[in-house]
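The chains carry the letters A, B and C, assigned in the order they are written, with residues numbered from 1 in each.
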Amino acid sequence: MILYDYILSPSCYKVRLMAALIGAPLELRPVDFHPGKEHLGEDLLALNPAGSIPILVDGDLILSESAAMLAYLAGQYAPDWLGEETATSRAMVQQWLAFAHRLTAALGGARLVEMLHGQGDLEALQTAGIAALRELEAALFKRRLDGGTWLVGESITIADVACFPYVALAPDGSISLDPYPSIRLWMRALRGQAGFVEMPGIHRRHELAPDPLTPAEGA
Amino acid sequence: MRLNASSPWIPLALSGDIPNGTVIPATLCSKPIAIWRSQSGQVNANGNRCPHRGMRLSHGFVRGETLSCIYHGWRFGQDGACQHIPAHPDVVPPASINCGPLQVAEQDGVIWVAEDQVESQPPRLDGLKPLRSLVFCAEPEAILTASGGTEVDLGVEATLAGTRICLLLQGQAPAETLCLVLVDQATSPKACAEISRALEGIRRRAEGETEKRGAA
Amino acid sequence: MIDAWYPVGLISGLTREGRETLLMEQPITVRAGKTGKPEVVTADGRSLPIVERFGHVWTSLGTPEKDLFTIPEADHPERVLVDVGVVRVKCSPLRAVENFLDIAHFPFVHTDILGAEPHTEVEKYDVKIREEEDEVWATKVKFFQPQAAKSAEEGITTEYMYRVPSPTSSVLYKTCPPRPGEWDVICLFVQPLTETLCDVWPWMALFDEDTSMTDLIHFQQLIFLQDRSILENQIPARLPLDPGMETPTRADLTSIAYRRWLKQHGYTYGAELVAQ
């Protein structure tokens, strides 16, 4: 399985993160997105006429939507991550996958403007981003009331992975995450998952590594 | 205005939002601070500026009973004193280096912070339990109006979805108010969810009001 | 500082219609002129002086007394020259340079790449302001790195030299695993947009035949973006030149010298002189 990847793209990171969390093998093929605009070159347009990355290629299968890639990876290697097989659960996962597009447009749009000289109406993007974060915060608070940690059901699903990157990187677009305690706890839980990998702008939880000042047990 | 009643103790967060081993940013009288809970459960508060190079300590991490800065890993104890500088592991940091510790108290599920040394305890919140905290882009007065409640010390009391609630309000910046929501102790989980949803309505109204006033 | 040279764009990225940007709050347009040569003009039509060097267009709002600095090592024909592109950062241009001069953050910010606990100790190194060249230099800087460069497979102790030849530029020389005895050159060129906003143009001249250009670009972007989230969260945003504000240690000797040099020259755009 080959992922056409860009290290700074949150959508590419979604797929790398998913693969790392479930231990799926992934071959990375770096794309010179910035400054080279390689995604708009002939070779990559032939693969994905939309001119976007990531692109996932597995044999004859070519995917250009990150949500589909998450579903494919989970389907292949970790079906539990698709959520429970009930109508409600499946619908909720779809709901959050679609919601993730709003995060991409708003938070991702603000990030491109603030960080990589992208074009767009920054204020409108930020307003839309804050509205989406508030919705997510309310939903995650509701989950906490029910004793839950994740967006859907009892365990982590592709819905969480789909929403996490753009939310965690909201500050890149000058959108503060300070006002959202439930989002903070959810991100912390995700960053604490075995196999978690970081990307620039998202720090790992250093406290999970052994403390160099505390002698190792049994030593 | 009792909304702005001066109390040495400022309610800044709900206990449940800061589990063991975590740190959060907060605002004390428009000054950025960090509130953190050690691994053993002790709550601490200090300035949010690392004395080394000014990095926000709320971006740091909690190890055991210490808070570490994310930039160069300087470690601070519960008294705010710097305990360890990773670049010089064998040096004992001078006692003068600290991150500006603040007085903090945890009571009734609310974390209170005081700028100066105070003898008193924070006010009791009898019969109430914490629900959630949210930020309004509105002034406290607009929240009072939108909630249809009455003023009490540090906030508003109102009835929402048939339940007594209390909103502790703290201005953080112009037109930005932190709201800690407490509900009657007997409130069921179902009613809590309903209140949470109704609060979003209050926020929409309060912010709509603030925007209108801003435009006028 | 007005008379210093500043990077304002990639030569490879020039277009006829040009790009509008800011230099110390002044709106300017950077474009390819009729002959393809770069031009920089202010909003009121004034043409600014130009130097084309290190893959970038450099200009100045004032009258530079000196030519833009050179990096003789970078001229070696076998070096790969890498335009890393631009990243905007909401911080003081001086803070961006100071961060680049710092190694003590490697284990915490570039974890498992440029540093890792428990290898956090910064050994003594030499720093001086070279009077003749009027540059800040740090030499014999050594640090343990789990993955020192794209071409390094495992951890090694890497040696560095840091150089500040102009107020918002810094050059880093680091040992080059495939070519013992040579130095890789990694630069941070900072365009001050305002006192608290900058465009950062990293640039590299490396000995590396094996790694693809894209990988080299990504490696440097990865490293710099890890710094960005730090830089946007330092308080105050402007670099304090008042010694009481922050607490340097022996590991910060380069930063101390840089700040002293800035103060000496009155390079205070992006600095805070008096504690607020």
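Heads up, the rule we're going with is that a residue touches a chain if its C-beta (ideal position, glycine included) is under 8 Å from a C-beta of that chain, and two chains touch if they have at least 3 such contacts.
Given the structure is predicted, the values throughout are model-derived calculations rather than measurements.
Two chain pairs are in question, A-B and B-C; the one with more C-beta pairs in contact is B-C.
Centroid distances built from C-alpha atoms place B farthest away from subunit C.
Mean C-alpha positions place subunit A and subunit C at a centre distance of 31 Å.
Chain centres here are Cα means. That of subunit A falls 28 Å from that of subunit B. Per-chain CA centroids place subunit B at a distance of 38 Å from subunit C.
Counting partners per residue, subunit B has 59, 70, 73 as the residues that reach two or more other chains.
Residues of subunit C found to touch two or more other chains are 108, 117, 120, 229. Across the assembly, subunit A contributes 203, 206 as residues in contact with two or more other chains. Note for the complex: subunit C touches subunit A at residues 10, 12-13, 83-88, 90, 108, 111, 117-118, 120, 199, 212-215, 217-218, 221-222, 224-226, 228-229, 232. Residue ranges on subunit C touching subunit B, taken from their complex, read 102, 104-105, 107-109, 117, 120-122, 229-230, 233-236, 240, 245-251. Note for the complex: subunit A touches subunit B at residues 134, 137-138, 141-142, 144-146, 178-179, 181-182, 184-185, 188, 203, 205-207, 211, 213-214. Residues of subunit B that touch subunit A in their complex: 13-14, 16-17, 19, 21-22, 24-25, 59, 61-64, 68, 70, 73, 84, 132-135, 189, 192-193, 196-197, 200.
Residue ranges of subunit B in contact with subunit C, taken from their complex: 32, 48-49, 51-56, 59, 70-73, 85-89, 91, 97.
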